[in-house]
Amino acid sequence: MKKVVTFGELMLRLAPNGYLRFVQADSFEATYGGGEANVAVSLSNFGVDVKFITKLPAHEIGQAAVNSLRKYGVDTSGIARGGARVGIYYLEKGASQRPSKVIYDRAFSAISLAEPKDFNWDEIFEDVEWFHFTGITPALSSGVADICLEACKKAKEKGIRVSLDLNYRKNLWSPEKAQEVITKLTPYIDVCIANEEDAEKVFGIKADNTDITGGKINYEGYKQVAEKLVQKYGFKMVATTLRESISASDNNWSAMLYDGKEFYFSKKYSVHIVDRVGGGDSFGAGLIYSQLNNFTPQESIEFAVAASCLKHTIEGDFNLMSVAEVKALASGDASGRVQR
Amino acid sequence: MKKVVTFGELMLRLAPNGYLRFVQADSFEATYGGGEANVAVSLSNFGVDVKFITKLPAHEIGQAAVNSLRKYGVDTSGIARGGARVGIYYLEKGASQRPSKVIYDRAFSAISLAEPKDFNWDEIFEDVEWFHFTGITPALSSGVADICLEACKKAKEKGIRVSLDLNYRKNLWSPEKAQEVITKLTPYIDVCIANEEDAEKVFGIKADNTDITGGKINYEGYKQVAEKLVQKYGFKMVATTLRESISASDNNWSAMLYDGKEFYFSKKYSVHIVDRVGGGDSFGAGLIYSQLNNFTPQESIEFAVAASCLKHTIEGDFNLMSVAEVKALASGDASGRVQR
Amino acid sequence: MKKVVTFGELMLRLAPNGYLRFVQADSFEATYGGGEANVAVSLSNFGVDVKFITKLPAHEIGQAAVNSLRKYGVDTSGIARGGARVGIYYLEKGASQRPSKVIYDRAFSAISLAEPKDFNWDEIFEDVEWFHFTGITPALSSGVADICLEACKKAKEKGIRVSLDLNYRKNLWSPEKAQEVITKLTPYIDVCIANEEDAEKVFGIKADNTDITGGKINYEGYKQVAEKLVQKYGFKMVATTLRESISASDNNWSAMLYDGKEFYFSKKYSVHIVDRVGGGDSFGAGLIYSQLNNFTPQESIEFAVAASCLKHTIEGDFNLMSVAEVKALASGDASGRVQR
Amino acid sequence: MKKVVTFGELMLRLAPNGYLRFVQADSFEATYGGGEANVAVSLSNFGVDVKFITKLPAHEIGQAAVNSLRKYGVDTSGIARGGARVGIYYLEKGASQRPSKVIYDRAFSAISLAEPKDFNWDEIFEDVEWFHFTGITPALSSGVADICLEACKKAKEKGIRVSLDLNYRKNLWSPEKAQEVITKLTPYIDVCIANEEDAEKVFGIKADNTDITGGKINYEGYKQVAEKLVQKYGFKMVATTLRESISASDNNWSAMLYDGKEFYFSKKYSVHIVDRVGGGDSFGAGLIYSQLNNFTPQESIEFAVAASCLKHTIEGDFNLMSVAEVKALASGDASGRVQR
Amino acid sequence: MKKVVTFGELMLRLAPNGYLRFVQADSFEATYGGGEANVAVSLSNFGVDVKFITKLPAHEIGQAAVNSLRKYGVDTSGIARGGARVGIYYLEKGASQRPSKVIYDRAFSAISLAEPKDFNWDEIFEDVEWFHFTGITPALSSGVADICLEACKKAKEKGIRVSLDLNYRKNLWSPEKAQEVITKLTPYIDVCIANEEDAEKVFGIKADNTDITGGKINYEGYKQVAEKLVQKYGFKMVATTLRESISASDNNWSAMLYDGKEFYFSKKYSVHIVDRVGGGDSFGAGLIYSQLNNFTPQESIEFAVAASCLKHTIEGDFNLMSVAEVKALASGDASGRVQR
Amino acid sequence: MKKVVTFGELMLRLAPNGYLRFVQADSFEATYGGGEANVAVSLSNFGVDVKFITKLPAHEIGQAAVNSLRKYGVDTSGIARGGARVGIYYLEKGASQRPSKVIYDRAFSAISLAEPKDFNWDEIFEDVEWFHFTGITPALSSGVADICLEACKKAKEKGIRVSLDLNYRKNLWSPEKAQEVITKLTPYIDVCIANEEDAEKVFGIKADNTDITGGKINYEGYKQVAEKLVQKYGFKMVATTLRESISASDNNWSAMLYDGKEFYFSKKYSVHIVDRVGGGDSFGAGLIYSQLNNFTPQESIEFAVAASCLKHTIEGDFNLMSVAEVKALASGDASGRVQR
């Protein structure tokens, strides 16, 4: 099988132990994560040959970030080394009615200051069949947005499929800026993942009557949005995760896939959450895996949702599940009985 | 805004990690807590200028107790230093059908042996508008009961509002003794907080047909109790938390406020518990805050309940929530979605 | 009261912290456990005089295993010392839809290579009234199976009651081998505990229409199985735990007892799980305790189920509950309210 | 071999992790220790049958204290259960020029309030050949001092050898009070262990020119003291540990034994300290062991010093060394090479 | 006594546990520190009324930094709140021949981007008698350099004594830039602390023949440097710490004070290091304390060196020693014997 | 540069925290290590392209072992997967006079049961210039000894240099067996590393008058041994580490290299030990690195000794030092000053 490439930022994640608040923390669990890196690790755990592209400082904290990917078999040989900062995000885990809280400290990171010459996309895309990134990456800086555009064009030239997880982040840019940048990229995108708020913020396309805080799902609205996205931007596939937030401890989780013809809805899982960060990324990885392996649309959405359901039970950003484990859940065993 | 003063004991809390039983513990998490100190910290986190009064040994364990309050901005300049012991309570956290367990080792603590001369209430009450204590404090010793009476009288003289959270503790005194001591204090109390068992044990006033272990709530009974308390003791306000214990892991939590005219019931929250110790104190702090800020009765009880609902998600005795966070919940967002 | 003896393997249990996966673990919590040792510790915590028999290496890891039992008052004077390995099992705790995972590394352990001369059953059985083991023990090796048979015969001679918890483990032997060995032991067994899969695998006796992964209970089927077991093997009592796995985090837990005449069903508990390993063993201990103390069948099954319900809230294999605590739950207080 | 009995207090020891100061501690390592309990555990690790006598509360913290001894094989069946408090000592570990710091919170502990009827010395002393206690025990309260006297008399009656480790503690009593109480006990003491300050404080017997803080040893002075002790009180044996405190991290450690005829000096060890608490107790245990086994005086003092040298490398109060390990050091291998 | 004000950056310090290298760390100990904050905390622990001035973000990480000072009684009311980043430094603790390693991530911190309007020096300097900062602060940015100059002028106007610890940091600026900025400040400085490399880098004044890596001290050279500093810049007092690095684990530590007339050398301590970061700052705090209390020059240098010797035994940047503890060492007890 | 291949066992290392004894451990630090894997990781950290060959189970513990190497960039693509056990060694860290203790539990590991068909040496040795293994590997089983011989022959055919670190382990085989097996391999060995006991046990070649426990070094004896080894077996180079064990905490460390003509002795380092396991392996890696880079003999031995000196300061088996860090020490800076 050919390779997958993902491109984005890998941050140091600093989280107090358990459910401690930031002001109680005397230590931070130190792991690494970021949308596209999370996808890369999940794919590697699925047995896919995957390369992650970013820029990281040459110092030991940068090296520790690199090592966090090597450990799980991700090819890190294409990572540019240089710059001064590893981006950071602080994560305080919520519980019950108390929401999780993220404080970003990612400005001026090595990747956000990267230049086109840091990456040789011809080399990077050798033997590659899929390229994935999220809307966070072009939001890092206009320089990185340009690099994304260059990479998309090069991918298209080489017949590489491209997926984009919109992932709108209000701390990084305004809806206006997002729309301006992303619409330059849409011509190159085959598969678009758009969760609840993304379509509205980035494309001004809105699901009617959806109240995010209320936690109810407006299925008809999601269908409309997907149809509009395909019509307007020509995506071959639109996928949407459907999260119902009952509390910070319990969520319902399912998803919808639209292939331009039919709508496919997955089973819905009631998840008792261990760590929900990276849930969307694990869905993306599941979807890419299922497409690489020619799953039917229904199989695809079931695999992607089962994978991301399981991510919610794993500490850290990375989804550390095997294909066999995901398939066991997708095919119906959600009893959680001990495996001996 | 003028100051709040709270008066009581600050204990060292020793708790095994996670859900370990006492006999499994090789280490104890060491935090500090106590009814009135918990109220003080919560108010300080709400931005209120608050002073905590107690007596603590001059040695380093006493100092660590003082520091635990300073950290959160509580004024500790009025704490008398002397004596030999910091009171201790051992806490074993329960789960599911296994109840939490508290073993007290607070006898002979510095505060329980304090004398009137340790506290100059004229100085302490300078620029103060609210004085709060719980029924635990006069139960510590008859000396401390006398100090409470002195403080109440002085507060009344100065036009300071006084709140009392009954908090009956059977390990500290008998219902008879409690009734004898507390009824001397009632003339000075404006706001009385009485949870399920308190009214009966301290005042012999009983909610009809309430089965505490069964976890059902007898609303009519609570109304009767509140009316009787107001009639008999002339409190301006009676507040009652309404806990339904489904298990050690899951509780329903709401409250009632009676202002002598109307009964106000809050929303009810289903709480997945992280740490329920201090839940009642955080309710008291919420109520005091809402009174200091002239909230309507319904706003008051919603704020106090939302505050204490959130306390159940925080490790340790102290409620580390801001006004903004409490208001976000009180105004309806209980979805626990990640705040970025 | 006379003594209880249990016989089996005591393993080192290595578990990542919290919900970490094996590949994330930089450390393992190191505790000790094994079916019959778990029963011994639980009985000792109930105040029963109990002796555990096994073989463990003379080195410090073997000693640490011995100490883990002495700590809870189990008599370890009959443990043979020698051999090279303490058997190990690695435990990864599951959550929500992700199942717990056990990797055994117990082959060639000291006990699996034990010889008849390691144990003097005449001495061991002095002043003993109950002998307990599980189906795991004879599965360790044919040598140990022989020792089991010898012990059973000796117990019978001395009028000691014998209980067997079938506990079929597919990693240790085939159904055929199990059936061959176990049927030699059945003549000596008074009380048989058989959970869901055991009866089918070991005796080919099957509850009709029970779907284990689905988590529904087929009460009629279980009755049939129990009746057949009594008819075919002459057990005086058959007990079955009834687990409904909703997820790795939540289970329903109840049990059935058949005394050859009547069927007794316990209350059913909805358990939010802390650690479910050893749940069956704690049921066995509860049952033995209730039999030693001449509880009625209904009291017996309620005590055994309450004991094992509580085990699910305790870290490690051992059930660290007192008789008073179990009785409090069995008699109806499941509210988990703080015990002060 | 017959049994050893030791009698005293077993305290909960609360120590910050590593070298943290008290005010930095968010958790305390929780172990248990106390002079005579430390001796008991060390003897049990040497293979001696040993019983520890004290009084501990019936609650779980009391039980945890009991379990800490059972774990190492000490017979705890003679421990009286009752009372409210487990005595506590807080320990802050020093380093380099910063001294370790101990804060005692042992007043009103169960043992300090024990009564003569709590202990049946006839039963306790059955099959016993050695009785050991320290000067701390009679210092706990005059009630406990009386119990010590009773025990000493009973021991003498039964021909049991008695050893006393003076261990003067200025927080517990004055030199005058100590002298008054101890001199009533001296007629029953066979072996007296007196470290640097004890002889002076308890007996007013002083080594000339010894400057404790300076860390130099005045050998002639120690000889004088030992001679005077034997002359005045008729001890059969006097042992003295000789500590040279270079810093909180490095000590020199040796000892002297006087049998009324000759002085025996041990080798001197330069110890890099892990935990020096219990160093003196481990010396006492080594001395008792060597006497029970009829070592020559030189062998005795070498064994006792090697044992206590090794204690300084072990966390907690207890000396967890085997006879073989002690003998290996005593016979000359101090290289610390890896044992495979 | 009047107040002390210190001004500078407070950073989050992230350090792997124990002696782990950065690439091994799965968690970081999270404390806070920075030259002038360290001085403030040390002075507060000496009982001095001290205010720390900086700028920190309003978010929770900024609040945690504030709390770290409040805990030790530092007045934080003058801290400007705003900006996005809390500066960070990563610390890897060395051992033996392996040096400690610091990676700074402090660019773009809130304080480095602070503006003059963030600080009202008239208010800040009310009732103040001493102002202290280090050469790191003006190195943060030219904006902060300007603020330093403004503060120095204002201090001079008000008759406040000013001390500067040169602390040259090559990562922040070049010797040329340092010299340019610092020489503008020198007219306002009364007390200058200059460790080994500072004088050369900042002022081009060099001790002859001092080889820093060799660890030998050239006393004559230091005298020359101090004389030249006083001659050239008119400082009333110059202090120099004299570190001999034997290894990352062991240092010799002493200091010299020059009052323009005489040279005073302290005792020399052989320190077994727990944490050497902040050693210089604790020296500064000791020196300020001794000056505020009118110690003689010899007393001053002995106190400052004893204080900083003890700092090397404490985890974190802050020196948590009392005046009594420092005086005990300064007056000669370096034996590290247990304090009970 | 071409590749290096190392071949051997990778074990799970289970170590109590800090200086706890085995019987005190409630958890084990879980890392991975083994002679040749340690060499591989060290070389990878030096920037060498290195492949490690072994056999590990397909399960998650086997995977965790693989990941521990991937993290540091070692090529693990040649590792055979299968078998049941990951070998284990338990490590108790000693201190001062208490030696470290290792308990092996490596029998029946996957690699010890490996077969020739598990490894295709033609593929493994593609583009390889150096092959390294230790005497432990052929000691695992006669099957593995045969594989070693096959690998050696194949290496010779391909002109690959071969190094062998004798590392005699008495738990694995007798001197007789070792001699029988190793002498078959010697014809293929270019570089032989033999520490103190190896030469005698494996070859019967003995340094005169060397007392290992005494910790003195007999330089003349070592020279004799090296000469005899070269004469008898034709090694091109013999290297010997010279450890002087002062205690478990402090060692002196140096080495000798003999190239058949001259003897080269390195500087001697006084090491304060963090973790000495893997010290010899890090020396081997340093030597291989220096040979690959054509260092002079004196440069080689200095580099290898500096590398292994630094290893003693790092937790775990692996040497995590860069070439620049090693060179800094080798060229003389042992002061351990903070690197900023």
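The first chain written gets the first letter, and so on, giving A, B, C, D, E and F; residue counts start at 1 in each chain.
Quick note on the criterion: contacts are C-beta pairs under 8 Å (C-beta built on N, C-alpha and C of every residue); 3 or more make two chains touch, one makes a residue touch a chain.
Chains and their UniProt names: A, B, C, D, E, F = Sugar kinase.
The shown structure was predicted, so the numbers you read here are calculated from the model rather than taken from an experiment.
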| item | value |
| --- | --- |
| Each chain counted as touching chain B (Sugar kinase) and chain F (Sugar kinase) at once | A, C, D, E |
| Equivalent interface positions on chain C (Sugar kinase) and chain D (Sugar kinase), same or different at half | same |
| Chain pair, B-E or A-C, that carries the greater number of C-beta contacts | A-C |
| Chain centre separation (chain A (Sugar kinase), chain D (Sugar kinase); CA means) in Å | 62 |
| Geometric centre distance via CA averages, chain F (Sugar kinase)-chain D (Sugar kinase), whole Å | 44 |
| Chain D (Sugar kinase) residues counted as touching two or more neighbouring chains | 18, 21, 23, 26, 67, 72, 101 |
| Touch relationships between chains, expressed as pairs | A-B, A-C, A-E, A-F, B-C, B-D, B-E, C-D, C-F, D-E, D-F, E-F |
| For the chain E (Sugar kinase) and chain B (Sugar kinase) complex, residues of the former touching the latter | 67-68, 70-73 |
| Chain D (Sugar kinase) partner contacts - residues on chain B (Sugar kinase) that touch it in the complex | 14, 17, 21-23, 25-31, 59-61, 63-64, 67, 84-86, 88, 90, 92, 101, 103, 105, 107-108 |
| In the complex, chain B (Sugar kinase) residues that touch chain A (Sugar kinase) | 18, 72, 269-274, 306, 309-310, 312-316, 320-321, 325, 329, 332-340 |
| Residue numbers on chain A (Sugar kinase) that touch chain B (Sugar kinase), as the complex places them | 18-21, 23-24, 94-102, 104, 169-171, 212-215, 245-250, 276-277 |
